[in-house]
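In the two complexes that follow, chain A is the common piece, with chain B as its partner first and chain C second.
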Partner chain A sequence: MLFRRIYQFLIVYCLGVVGLLTVKYAAGLSNYVIPGLALIFDTAHRMLAGYFLDVLNTLSVTVLGQMISIFMAFFVGIIGRKSSWAGSFIKVMAYNIQAYPIVALAPIIFILLGDGFLSRLLIASMICYFPLLLSVLGIMASPIKDIEHFYIATGRMRWQLEVKIRAFENLNKLTTVIAGSATLAMAGTIVAEFIAADQGIGYSIRIALYQSDLARILVALFSIGIIISVYQGILETVGEQMKTKWFAPKGGDLI
Partner chain B sequence: MNQKIKIDTVIRAGLMVLCMMLFSAVTPAVAGDTLNYRLKWLFNTSVAGDIIADTGGFFKNAGLDVSVNEGGAGKNAIKELELGYANFGVASADQVIRALEKGADVVVLAQLFQVNPMQWIYRSDQPEIKGLSDLKGRHIGVTFGGNDETIMNTLLAKAGLTSKDVRISSVRFDFTPFLKKEVDVWPVYRNSQGVILEDRLAAEGEQVKFFNPADYGVSFVANSVVTSGTMMKKHPETVKAFMTALLSAWEFAVNPANESQVLAQIKKKDKGTKDDIRQKQLKATRPLIKPDKGTKIGTIDVRAWQQTERIMVKEQQIMAPVDVTSRLVGPKKQS
Partner chain C sequence: MRFECRGLTFTYPEADNPVLENLSFSMAAPGFNAVFGPSGVGKTSFARILAGGNSGPGGNALIYEGISTILYSYNQERLPGWANTGSHLEKVCPPKNSDLRKELVKIFKVDSLLGSRFSQLSMGQQNRMNLIRYLIQNFDLLILDESLANVDEALRETIILAIKEMFPTKLFLYISHNLMEVARFCKDILVLSRPGKNKGAVVVQGQNYETGYTADPQAIDRSLLEIMNAV
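On to the complex of A and B.
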């Protein structure tokens, strides 16, 4: 799974570069508009190590932001699963707030919190939180009638059990949503860094843009792509392992 | 079967149209067409002459049909020249030098700013910066990767200071760190942001001063009018007519006698700025474009260009000299 993610990214990246080079040579453009392969390699030689560290810096905020989002989404999703007044209110709130482009709030966050770690974390969390919340709410609010009926009828149903049943039955969906939200969290962090932070790969891309250096941007995109592919691959692998464990309890067989 | 062939034909035709559109977009316009002039930044008082050239009929009187287009953060006039989206543009000296390093075919027709508007603002209650050594111990804002970082590094090196002697902070889009007194010395464009900040602090009873690198021998060239070498070679008459009209418009724009007319034209393009601020901005722009009566607008300061190139090499903004003077084709300052 991990390697599939990486080579899929490499194929897309190479196709993109080939497309750019085709335009460059077809239109006879200079290295200033679209860098040639030699310049891209030279820039990679100079910048790649630094950019990898920048992406790791960004990733550390992404992971933390995503963890906060997952925790919050499950917390609110579990509370909002009921068809009570409070549950309906949370659902309506979540649907309405997620419709608002959170990135537009970034300047306010930077003015209030400055351009440090907290702003990046908050924007990353906010950007991946709402899509996660909607999925978790959807899953948690949909009863698995066949199974739940038994526990309700025997009077053994508790909220913890209800949540477990619904999570277990939708494990594939949850794993996919969590792995997908990694991209959103990463995008949120990069946007935050691009707007105002003084660290991370978004900040490095901003500097490259100031200097109209497309070669640097291409190298930065390569670093981001490789690392996010590895991260998503790891998330998917962990998800697979969890599924295997859940489906094969101690001493039992795989269902 | 017939339907499949039809769909196939439609797809092929679509692709052909797309290719034709792409290639027509990268074909430079010739004389007789609308000429596109890409500015470096948004419409404001800093581009008074460019606005007047358009709305004041200077281009029209020269028999030119020119579309003056706003610039912005993602816009780059030199790239647009090469892609054929623009025929003329405004670019900073560092953009020109970087482009030359990477093989772009660009020439400089005129240097609009004789004095770089990029300066630093600080409060008057702070010790005055009388010499470069007075920068020691200050908390200075710079835009990492921007011109101001290069200029400040040069100033510090000139003063024999290192980054340990000052505190450098990254500058972002808003002035909050300066307004909250977290940063002492803040980079601004003297004639636009500088005026706004000065006005805002005056309202709070605070006075400000400006620190101009040119006063300490660092003349980093700012905005200039550029075109492609091909345009220069193939349509020299169009280039000449364009430049004559543009520079006449700038002469008109910075003449205090025309202030009300000029401000009225700017107001049409820049509706978001208050009238009194626009007036102050125009007043601050004049000495940057025409420092004295004897200076001809657009004159290229070759020494300043050479210094800019040297600074960029020293600061490793470019790997090797590019002989920028060979690309300065406009009227030059007599030394």
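On to the complex of A and C.
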């Protein structure tokens, strides 16, 4: 799982670089517009270690922001799963807010909170929170009738059991959504750093952009890709291990 | 202990015709009774309405005397998959029914399956396992909606006879498409006919055989004919 993610990224990255080089040589562009391979390697040699540290800095905010989002999404999703007034209100609100591009709110957050750690964390959390919330709400609000019936009929149903049944029955979906939200959280953090921060890979990309240094940007993208692939691979592996532990071993499907 | 239905009519929201129309009958309890009828006649709807009690859609049309706890079990119910079936049964078993659980596990021939997850069982095994967890609960009326589907005939007979012997004070409503089984083992058989046939609901007497019975072919034929005429 982990290595497959990295291979996939490397293939896409190489294709992108090859595409750029094709444009460069086809249009006869200078190194200033699109750097050649030698310049990219030279920049990588100089900047890669620093960029990896920057990405790790960004990743730390991403992981924290994603954890907050997951916690919040489950908290609100569990409260909002009921078809009560509060549940319906939460669902309608979540659907409406997620339709709004949260990134557009980033300047307000920077004006109010400044350009420190908290702003980055808040934007990262907000960007991956709403898609997560919608998935969790959808899962938690859908009864698994053929399992829940017995517990309801015999008066044994508790909210913890209800949540456990619904989470277990949708474990595949939840794992996929949580792994996918890592990309959103990373994008949110980078956007936050890009707009106004003084650290992280987003900040480094902004400097490279002001210097019109595409080689640096490509190296930064490489380090982001490798680290987010590893992070998503780890999330998926953890999800797989949970499924293996929880689910019954299968003898193989006949059809 | 008695259970009566007076003029029960039920129409699903947005449906044009009622699924149950002016249904009236009375059944003495306890006993192993049945609901029989062709597919789509409203047996499951009727069972679900019964399970809802007086507070359900049946409302005042249903009269329960001495029946307070009603349980409804149906084919295709599932146990959660995170633990083996044995631990699920233990968890939902009231402490005083622990011996009953062990006995049922033996009679239902699922003792070798207690270490397996529910999804690993065959459909017949799943239905037997599901029925055990209902039988170990406290109930006055248990509705068995195709709860023994996919179980082989010999074992089904063993199970039905054991239930009748072990729960003589309870009322059961067994929904099945097996005409012979219903005629042989059930006491009162509520036969539902399709709406529009103007037959309404008819209660036919079954042979109500118990353990060690000797079958009377003529009597069974009589019950079968009565049921078929009522459909």
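Convention: the second predicted complex is superposed on the first by the 247 of 255 C-alpha atoms of A that agree within 3 Å, B and C clash if a C-alpha of one lies under 4 Å from a C-alpha of the other, contacts with A are read in each partner's own complex, and residues count from 1 in each chain.
Following the convention adopted for this analysis, a contact is a pair of C-beta atoms (placed from the backbone, for glycine too) under 8 Å apart; a residue touches a chain by one contact, two chains touch by 3 or more.
As the structure is a prediction and not an experimental result, all values here were calculated from the model.
**Student:** Once the shared chain is lined up, is A:246 touching chain B (first), chain C (second), both, or neither of them?
**Tutor:** second
**Student:** Of the partners chain B and chain C, which touch A:149 in the superposed model: first, second, both, neither?
**Tutor:** In the superposed model, A:149 contacts chain C only, not chain B.
**Student:** Using the superposition on chain A described above, determine whether A:231 touches chain B (first), chain C (second), both, or neither.
**Tutor:** Neither: A:231 stays clear of chain B and chain C.
**Student:** Based on the superposed arrangement, let me know which partner A:51 touches: chain B (first), chain C (second), both, or neither?
**Tutor:** neither
**Student:** Of the two partners chain B and chain C, which one touches more residues belonging to chain A?
**Tutor:** Between chain B and chain C, the winner on chain A residue contacts is B.
**Student:** When the two structures are overlaid on chain A, which partner does A:31 contact: first (chain B), second (chain C), both, or neither?
**Tutor:** Touch partner of A:31: chain B, not chain C.
**Student:** Give the list of chain A residues in touch with chain C in this complex.
**Tutor:** 146-147, 149-150, 153-154, 156, 164-165, 168-169, 246-248
**Student:** Which positions of chain A touch chain B when the two form their complex?
**Tutor:** 23, 26-27, 29-33, 35, 39, 107, 110-111, 114-115, 195-196, 198, 203, 206-213
**Student:** Using the touch definition from the top, list the residues of chain B that touch chain A in their complex.
**Tutor:** It comes out as residues 22-23, 26, 73-74, 76, 78-79, 82-83, 95, 98-99, 101-105, 143-146, 170, 172-174, 176-177, 317.
**Student:** Quick check: in the complex, which residue numbers of chain C touch chain A?
**Tutor:** 51, 71-74, 76-82, 92, 116-117, 119-120, 130, 133-134, 137
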